[in-house]
Amino acid sequence: MASHSQAETPALREQFNTEAQQKDASTLGMWIFLVTEIMFFGGLFLAYTVYRRWYADIFAVTSSSLNVYIGAANTVVLLCSSLTMVLAVRAAQLGRRKAIVIFLILTLLLGGVFLGVKAYEWNQKYVEHHIPGPDFHFEGVVQQGPAQLFFSLYFAMTGLHALHMVIGAGLLIWLIAQAGRGRFSATYMTPVDVVGLYWHFVDIIWIFLFPLLYLIDRHLGK
Amino acid sequence: MTEHIDSARTYILVFLALISLTVLTTAVAFVNLGNFSVVAALAIAVCKMLLVALFFMHVRHSTQLTKLVLAGAMVWLAILILLTLTDFATRGLAGVPGR
Amino acid sequence: MGKLPLFPEQASTFAPDVDHLLFFLLAVAAFFTLLIFGAIFYFAIRYRRRSHQELPAVQHGAMTLEILWTAIPFALTMVMFLWGASIYFREARPPADALQIYVVGKQWMWKMQHMEGKREINELHIPLGRAVKLTMTSEDVVHNFFVPAFRTKQDVVPGKYSTIWFQPTKAGKYHLFCAAYCGTRHSAMTGWIYVMEPRDYANWMRGGESTGSLADDGAKLFQDLACANCHKADNHGRCPSLVGLFGSTVKLTTGGTVTADEAYIRESILQPNAKIVAGYAPVMPTFQGLVTEEGVLQLVEYIKSLGPRPAVAEGAR
Amino acid sequence: MIPAAAVERENYLNASYGLKSWLLTKDHKRIGLLYLFTITLFFFIGGAMATMIRVELLTPQGGMVSSETYNKLFTMHGVAMIFFFLIPSIPAVLGNFFLPMMIGARDLAFPRLNLLSWYLLVIGGLFALFAMLAGGVDTGWTFYTPYSTTYSNSWVIATALGIFVAGFSSILTGLNFIVTVHRMRAPGMTWFRLPLFVWAHYATALIQVLGTPVLAVTIVLLLCERLLHIGIFDPALGGDPVLFQHMFWFYSHPAVYIMVLPAMGVISELISTFSRKAIFGYKIVAFSSVAIAVLGFLVWGHHMFVSTQSLYAGMVFSFLSYCVAIPSAIKVFNWTATLYKGSISYATPMLYAFGFIGLFTIGGLTGLFVACLGIDVHVTDTYFVVAHFHYIMVGGAIMAYLGGLHYWWPKMTGRMYPETWARLSAGIIFLGFNLTFFPQFILGYLGMPRRYHVYPPEFQVLNVMSTAGASVLAVGYLMPMVYFIWSLRYGKVAPANPWGATGLEWKTASPPPLHNFDETPIVTHAAYDYSTVPGEVIDFG
């Protein structure tokens, strides 16, 4: 490994001795960044836990107003995008430059579909007056306050998740441009790998948001 | 560096497992399990998380350090939520408002 | 200017206890401060550098010492913890026979309501030697009821009740401070606690214009808001009877139960459908915005007056 | 800026010139200096506000400024000092500069990220400065709801955004340090050969990475509530303001350790160098840093003993708070034991180290008082708490920061500072500090609440004493500012290792070359092995 000289590998930055060291550092850096993301969403999960314990009945009713089928379908869309992402990473590992681009574009498209569906759902909330604020009104619950708390959490959680998706989409566009120029190979694919980690993480957050927001005591309603 | 490359088949199997679990969690939500509903939903979500992390994020082949970092994050998340709950879960036990 | 007080007055049963604990901690702190300062001075002089090339012998540490200076401080801190916790526990739990007074904090004043109907602003008159329990809430932001001479304080939080109690041991006039930052005139949200000899207190209570007891005010409000239309004394109204409610255990439609304390009654007035009594429909409208926090406290007191306090619930405290 | 005599040899200061070479630098040493300028600015802004607060408190009626202004002063004093001075102080200046050098690396793992961190601090700082100039913010640095969300008519949003952005600066610095310590150590630099400064910064970085995101999300929710009526903490909706306090203190208590752990790292270096002895119980001191970082996360509820948090939670948090006191005590004992049979020099950095141990001991021991449930109920929200945390954060962190700055000044600039003046200022600061803050313990126990603009007249004498001390303290803080600048031009040229210290940073020239070392060092000794270095070369008389 030490035989790599800096001239042979232009991608090696000057503070590192070897490419392995550089790749290890980047990957570790991304993992630690994901730790900070876990704690960031952790605050939201905490607020959710506290209020769901307090207002279990109201949360069940308000949760039932979300369309579970759209939510489930969107989960599937996001899982598909994770699959295409991991296949893009695999293509990079194997040095298949064209496949990288194709899978990345698919991932981006699926991410776009997810965001589109999300936008549709939010618009529904607007139409139904389920957006917290002076115009908020939720039929069938007398305690409007806690109902608003649920939707506050809903918008905070899905909103921040969507923001992460948008950032992820930006990263994907950048990756696609780079991959299109053939920058990645079996020996240098760290950016693909690292963005992959991020994308999967955002997927994991949704994996928790879906049951927590959409699936509270569904049996009551139907 | 020896990179471990999983087969596309593995990924597709994992993906199918994830889809099945999504269907399962949705279906289970319509069954009245009482307080167990939350447990079931979270257990399935944790399974899905593990699948994504172990396979898609390659934690299976990662260094001990990466695993340690992840475990640490989980512990800290638990600290945040559980220690806060020492307050919220024991309020009112003293029988005095505000204590 | 000119006065230099060094120690606060002791005017409640808590004060000497807290001060004794303080003296214990001061002794421990003084011991360790002198130990560390002494050692540093001694070593710094005794082992001062005499030549630039000096090379002291290498020491790698000593496990016995490390264990010693871990274990001893830990043991001392555990004494502090237990001693402190026992005082905290007492401060948190008012005695059953405590004199009940209601307090509402708002930017930037304290409003006190006595059971007998006396109201005060930024002043509180209480009898010497009698345990006093304050049930407090805030109309806006977080405040804090702090009486240094009593060595106790408690936050006053909007949206819920909090409790503080003390038993004055010395007649006099004591500072009341708001200790939780609450906005522009935070430092003006102060007042006085007057601890009076019981006879003086009784005279004070009789004097001035008294508008009837707090429960009476609550009863009037109860009529004005037309609560009695549904909450009838017998159980034949559309809503549950409130007689003997306070302190009892209420069965809910969800199958759970709740103890009817101040917080429950307050919630039931402001958010009636949060907890529905088993056998009744959720028909009561909310009174949020129609009743002030003071009004709610009057209603609570009225409802309390409707029935005897069950001895069991009090004994449990 | 560039000392004339050092020009012949190429170093990081003369490798390139011009504003651009600084604003676009990826060199950790230059970024360290950028931080130095930035946080010094905020220190003097925060200091100016502290001065006004102390002058205002000379009289009990509060005549100088209005209550509104007074509230804005203490809020912005706290915000500037905590988020824009103390949190970045030692890690972002000294850590940035020396952590890579101490482990024998050419730079941090992510130099561009490092520069981004500085820009984030500057952007955050500009938000905060804008808020100050536009009219200020009056919520207290704690931003308690519902005051901050609903009732305050001041620049909460700009300030909170500034803190949010600066938080990411802190997160990215921590991330960079963790990866650097794991992946960039020189050959032979094993974990137990790391200087304790590095251990302390590693522990600090853990807190920055694990705690700061929770502050970030708390601020997001605060902003949502203030701007969009998404009311997570709003009691009118059935929310609980106490939940905000939990989330705020989950970060903000560990944040105290972000300030004081690096300070402890600096002190370990100073004590060792100026007694020419390895730190007594190296491993225990190293592990105690990590223990403080971990246990520090379990104690936040002790800020909330009277908040209407549950009685039982109060007990749990009090117990855990006593547990975190132990590793701090262990450190103090080990430092003191290091002095035993040492060769103790009275150079300025060592005077600061003595001062640190003294003030930190008092700060730490009074921590036992506020962790104690029975006493805290009386003293919380009073000047007792103000005095306690100033002993830790000013007496501790700033003493160590100044000690470290003196210690490494020759390395950073290639010049020596004037020793006599420096010793004098160290003495003045120690004296002024105690005069300022010791009376506040008494004030606090007497019951004077904090954040009071007007106060009962019987507290005046102690307040006047405190203000008198503050004026001494201000002189003490201004002196280094003057003679440090003076030394850049007139100071003696510094040798590579003026103190006879052992760290790798002293094995290279002063100021260091662009890539720190002419060749990657190979480490063969434990830290603090003084048999391998020549003695002190500067005679201080």
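Chains here go by letter, A, B, C and D, matching the order in which they are written, and residues are numbered from 1 within each.
What we mean here is this: a contact is a pair of C-beta atoms (placed from the backbone, for glycine too) under 8 Å apart; a residue touches a chain by one contact, two chains touch by 3 or more.
Note that the coordinates shown come from a computational prediction; the quantities given were computed from them, not determined experimentally.
With centres taken as mean CA coordinates, the chain nearest to the overall protein centre is D.
Remark: among chain pairs A-D and C-D, C-D carries the greater number of C-beta contacts.
Taking each chain's centre as the mean of its C-alpha atoms, subunit C lies 35 Å from subunit D. With each centre defined as the average position of its C-alpha atoms, the distance from subunit A to subunit C rounds to 45 Å. If you average the Cα atoms of subunit B and of subunit C, the two centres end up 40 Å apart. Among the residues of subunit C, those in touch with two or more other chains are 92, 154-155, 157, 160, 162, 271. With touch defined as above, residues shared between interfaces to two or more other chains in subunit A number as follows: 24, 28, 32, 35, 38-39, 42-43, 46, 50, 54, 143, 145.
Counting partners per residue, subunit D has 182, 210, 214, 236, 238-240, 242-243, 246-247, 250, 308, 311 as the residues that reach two or more other chains. If each chain is drawn as a node and touching chains are joined, the picture has every node linked to every other. On the subunit D side of its complex with subunit C, the touching residues are 62, 67-68, 71, 138-140, 142, 144, 146-147, 150-152, 235-236, 238-242, 275-278, 280-284, 305-308, 311, 314-315, 318-319, 322, 325-326, 329-330, 332-334, 336-337, 339-346, 354, 357-358, 361-362, 365-366, 368-369, 371-378, 380-382, 442, 445-447, 449-462, 464, 500, 530-531, 534-537, 539. Interface of subunit B with subunit C (complex): residues 94-99.
Residues 1-8, 17-18, 21-22, 25, 28-29, 32-33, 36-37, 39-40, 43-44, 47-62, 65-66, 69-70, 73-74, 77-78, 80-81, 83-89, 91-92, 107, 140-142, 144, 146, 148-149, 151-155, 157-160, 162, 175, 177-188, 190, 271 of subunit C are the ones that touch subunit D when the two sit in their complex. For subunit A in complex with subunit B, the residues that touch the partner chain are 1, 20, 23-24, 27-28, 31-32, 34-35, 38-39, 42-43, 45-46, 49-50, 53-54, 68, 72, 75-76, 79-80, 82-83, 85-87, 90, 93-94, 196-197, 200-201, 203-204, 207-208, 210-212, 214-219, 222.
Residue ranges on subunit A touching subunit C, taken from their complex, read 57, 141-143, 145.
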